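Here come two complexes built around subunit A, the first alongside subunit B, the second alongside subunit C.
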Partner chain A sequence: MHLDDRLFTDKKLYLPLLAAVLVLPWLPMGIAGPYVLRVATLTLVYMVLALGLNVVPGFTGLLDLGYVGFFGLGAYTAGLLTVHYQWSLWLVLPLAALNGAFWGILRGAPTLRLSDDYFAIVTFGFSELIILVIRNELWLTRGPMGVPGIAQPDIFGKVLDQPWQAFYLILFFLFLVLWVVVKIRSSRLGRAWFAVREDEIAAECVGVNVASYKIIAFALSAAIGALAGAFYARWFRFIHPDMFKFWESILILCLIVFGGMGSITGALLGALILIPLTELLRIVLPAELSNARYLLFGLIIVFMMRWRPAGLLPVEKE
Partner chain B sequence: MAGRKTGEILLKAHNVVKKFGGLTAVKEVSLDVRAGEIVGLIGPNGAGKTTFFNCLNAIAVPTSGEITFAGHSLVSQISPATSRLVFRSGLLFALLSLLWLPLVLGVVWPETFFRLEAVLALSILALFRIYLLRPLSLFRPWSRLLLIIFVLVDGICAVNWLWRSPEFSEVSFFNLFPFYPLLVPGSLLLLLASLVLLLLFNLPRVKEAFGQHLRADVITRLGIGRTFQNIRLFSSLSALDNVKLGRHCRTRANFFGIVLALPQARKEELDSAEKAAECLRFVGLGKQLVSRAGSLPYGDQRRLEIARALATEPKLLLLDEPAAGMNPTESAELITLVRRISQAGIAVLIIEHDMKVIMNLADRIYVLDHGELIASGTPVEVRSNAKVIEAYLGAQHAASEA
Partner chain C sequence: MLAAILDQSSLFLQQLVNGITLGSIYALIAVGYTMVYGVIQLINFAHGEIYMMGAFLSFSLLSGFFGFGLPFGLAVAVSVLVCALAGILLDVVAYRPLRRAPRLAALITAIGMSIFLQNLALLIWGGQIQSFPQNAIPALLSEPALQLGDVVISWLQVVILSTAIFLMLALHLIVHYTRIGRAMRAISQDKTAASLMGVNVDRVVSYTFAIGSGLGGVAGILVGLYYNAVYPTMGYFAGIKAFAAAVLGGIGSIPGAILGGGILGLAEVFGGGYISSSYSNGIAYAVMILVILVKPTGLFGRHLRDKA
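Entry: the complex of A and B
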């Protein structure tokens, strides 16, 4: 039985994991404490992103090179709504997710008939388009000046200004997203996606409406990306177009390739390993070499492809 | 007919033609399958058998011809070019209507458009909209009705504008709100009401008029299941998941039901697992539930494909060379399997090259050659048909045989 099937059913698996994550903010780490917690929070954000991206290339088999577009879209939706209207996180977040889903569908509808590389190019272009709009529409997004001073997350009118509170908050969202994707994976909907991934014609012949299931996947994936972006904006309190560069799309894609395309636990593990690793390298490497960490990153992927081409926790069992 | 009880006509194909560019793969083939029957479709390689199958379940759209299945017409009687034209003008129409509505409302730029130019622009747009709707009148009377309604509505709006424009000459954007009730002309309400009424009462007729090409997944839901010549399984999924996918068209749990784990969705999931396992046992794969479909032996993959098709609860099963690559023992098993499927009340249309299998199974046989139907009848009749012998063995051989 694959690990993904056991996520919410095997107590031996999830109780220790949950305990480990829950105590993390309270471990005595001295002066490194706040930094570790920051990296942990960031890792959880990337876990959400990896799970969201996984829906499209992992489940429906369409390569998405533009996931950062939805991340940025969510961040800017939430950031701008917060700055202009001071709305609560719990209103802004669903709106950002809905906006993400809307643009996800809009991107998906004309690309339904595209396959493989062509689809990948469109996703790349669309994401660049979103970021270009963000960068240039000064009246809406302040462009390269960024959006500073976004309010921190809140709950029931209380501001969550402690780092551990933000950590628990994103943990909650991670749990939510995890629940959704795990439930779907073993359901009629998830199977329909797998069928589309394996063979579209055979999928049609068992009664799967390929177009509408692709649209659902696009919407869900984009909504999750936007959700992560919305949290990110409220947590980081400042957003800027440079945060959503093409490189980020590749990074998120790397996480799921590393973990195993289509594998939920793989996506989590990929984020768990690679995100802290990049942070660690940032410390270890001398300042002038700090960009060389991407080099190591590339090396890891190359070696992965050589030794475990299907990822750390592949979906297919031989 | 071996005393087999057969029912009314289930599938009727009439003059089906499929062209690929200049090549006619299927030439005016007519065929019918009655409920509970096993019908064979044979012919030399490249005779167009598989293409014909593809036409039956909309993997390929026939160039012309009629296909009816259980009272539903599967193929549009309108040429793809025409329906594309209609679709495009419909799309343009919708887009223009979006432009047109604010004009009618006069809400967006009242100070600009409460003028004579506005009436002109409106009239031009209205005329163009009507022009776009023109292809619709090719179809059925209702579309002419639609046309008349649009002409009326556009006309009323235009007159209304002309009549009222002096009233609004002093109106600016910011003191517009009190005028809203005046700005929404009764004609707009008429338009909306007429559209809603049209949709409500004419939906079946609209569909009929467009004679829609049914999509493959819709046809599966209507009850045509199929297997493929080159096996098309979801090879990285388990055998059980493959067959559960066959249940897809008989289940309806949606996103929210699944995510919220609503009782109905959970029950349906258990149900489909049970039914899928039943189908697998029926074809003799009861022990291979969790094996990966792609790693099953060849013969099992063929049977798994049949199980998947059976899980869709078909009324008619299309089998495309099910015995290809099977040894005599396996094909003997296949014969019993197809018999059992037939006894379960499912009609079977089967393409097969293995003459032993087809002569053994089929109640009637159709023979295709170069896309044309050259013979049909009981196995005995077909076997002794000169044209069939010619197609298979060449003219000379046929002559010496006779």
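Entry: the complex of A and C
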């Protein structure tokens, strides 16, 4: 039985994990504490992103090269709504996710009949256009000046200004997204996606409504990306177009390629290993080398495709 | 009134000259994408990085970055040759092992190689923008070749355009009148049948990568000279635009790539001059998306193999 199926059913699996994560902020780490907590929070953000991206390439088999577009879209939706209207996180976050889903559908609808590599190119171009608009429409987004001073997350009118509160908050969202993805994966919808991934024509022939199932996948994936972006904006409190460059899309893709495309545990594991590793490299390497640390991601992608194309935790084919 | 019209028309002509120059460079890069796609149906994302390497190699050989300097002509020749070899190496090391794997695997590998090479350049040469040493390039290049009123055509622009035209003609002759060209065309029609007829597919693919990468290297050197700027991410934007040109012309079609390059160069210069300069990169993305959505075969393309 694949790990994915046991994520929420096997108490022996998830209880120790949950316990380990819950005590993390309270471990005695001295002066390293705030930093470790920041990296841990970032890792959880990327776990959410990896889960979201995984829906499209992993479940439906279509390569998405523009996921950072939805991340940026969510961050700017939430950031701007917060700055202008001071709305609560619990209003801003769903709006950002909806906006993400909307653009995900808008992007997905015309691409339904495209072949694999053309789909990849359209996703890439679309995301670059989103970021280009964010960079250039100063009246809306302040462009290269970025959006500073975004309010911190809040709950029931109380501001969550402690680092551990943000950590628990994103942990909550991670579990929410994880629950949704795991449930859908083993539902009728999930099986339809896998059918499309394995053989689109055969799926269509046995009555799977390929178009609408693909659209649902695009919307869900984009909504999760935008949700992560919305949290990120409220947590980091500053957003800038340069945070959403093409390489971020590739980094997130690398997480799921590393863990195993289509595997939920794989996506989580990819982020859990690679994101702290990136941060570690940033500290360990001298400045000129650490700028080139993406070199490692390029190599990981190439090596994985060559020798372990199914990733660390491959999903067995039934 | 008349002066204003003349001003307008000379601005237009200048833009036209600049657009054609830029377009001929895009065409040189686009040909590399389209040739590789023609034979192995792979979008070689790392092609832009080969172009970047062409610029960096010639810069290094001219400025003595590696500890020795070469005269201009020799530096250019060596850079192009190394680019061609790098193209072959890229294929042999990264893509060839995946020929029988799902197409997605090769595409993802191409992206991985692109990031790898770009960051390798960052590691070797650093991230700052570098320029060619002025005493190492022929002084003639920066002088005007032709001046009509306010419209100036520099020798460099003449060299860029004539190089591009010469190389395209040479490419046309290679593809249509040599054994290797015939083999390329055979493989792009049906790889299995070609190999059954005794075509050595791997060898032909290597030649294809060598020619495409060599042309990309030439384009890199020309752009490095034209803008007098060399930096690690230069291949990223140029690569996207050239790819858009290849898609516009119909991927797999060499005349299409040339025409697409010309159109995109003009669109970028005129769009940047008359509409908005901050969106000049966006033109390439928009063209690319629209062509794919509306007419995926482009201007000259054949019908693409459907997902099967």
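We take it that the second predicted complex is superposed on the first by the 309 of 318 C-alpha atoms of A that agree within 3 Å, B and C clash if a C-alpha of one lies under 4 Å from a C-alpha of the other, contacts with A are read in each partner's own complex, and residues count from 1 in each chain.
We take it that contacts are C-beta pairs under 8 Å (C-beta built on N, C-alpha and C of every residue); 3 or more make two chains touch, one makes a residue touch a chain.
Because the structure is a prediction, the values reported are computed rather than measured.
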Is A:12 contacted by the first partner subunit B, the second partner subunit C, both or neither?
neither
Touched partner set for A:84, first subunit B, second subunit C, both or neither
neither
When the two structures are overlaid on chain A, which partner does A:189 contact: first (subunit B), second (subunit C), both, or neither?
first
Is A:201 in contact with subunit B, with subunit C, with both, or with neither (first, second, both, neither)?
both
Is A:179 touching the first partner subunit B, the second partner subunit C, both, or neither of them?
first
In the superposed arrangement, which partner chain does A:158 touch: subunit B (first), subunit C (second), both, or neither?
neither
Contact-wise, after the overlay, does A:315 reach subunit B, subunit C, both or neither (first, second, both, neither)?
first
Which chain, subunit B or subunit C, is in touch with more residues of subunit A?
C
Intersection of subunit A interface sets (partners subunit B, subunit C):
201
Contact set on subunit B toward subunit A in their complex:
57-59, 215-217, 220-221, 225-226, 228, 232-237, 241, 244-251, 253-255, 258-259, 261, 265, 268-269, 272, 292, 295, 308-309, 311-312
Under the stated contact criterion, what part of subunit A meets subunit B in this complex?
179-180, 183-184, 186-189, 191-192, 194-195, 198-199, 201-210, 216, 220, 315-318
Which residues of subunit A touch subunit C once you look at their complex with the stated criterion?
57, 61, 63, 65, 110-111, 114-118, 120-122, 125-126, 128-129, 132, 135-136, 200-201, 246-247, 250, 253-254, 257, 288-289, 291-295, 297-302, 305-306, 309
Show me the residue ranges of subunit C that touch subunit A in the complex, using the header's touch definition.
41, 43, 94, 97-98, 101-109, 111-120, 122-123, 126-127, 236, 240, 243, 247, 276, 278-279, 281-282, 285-286, 288-289, 292-293, 296, 304-308
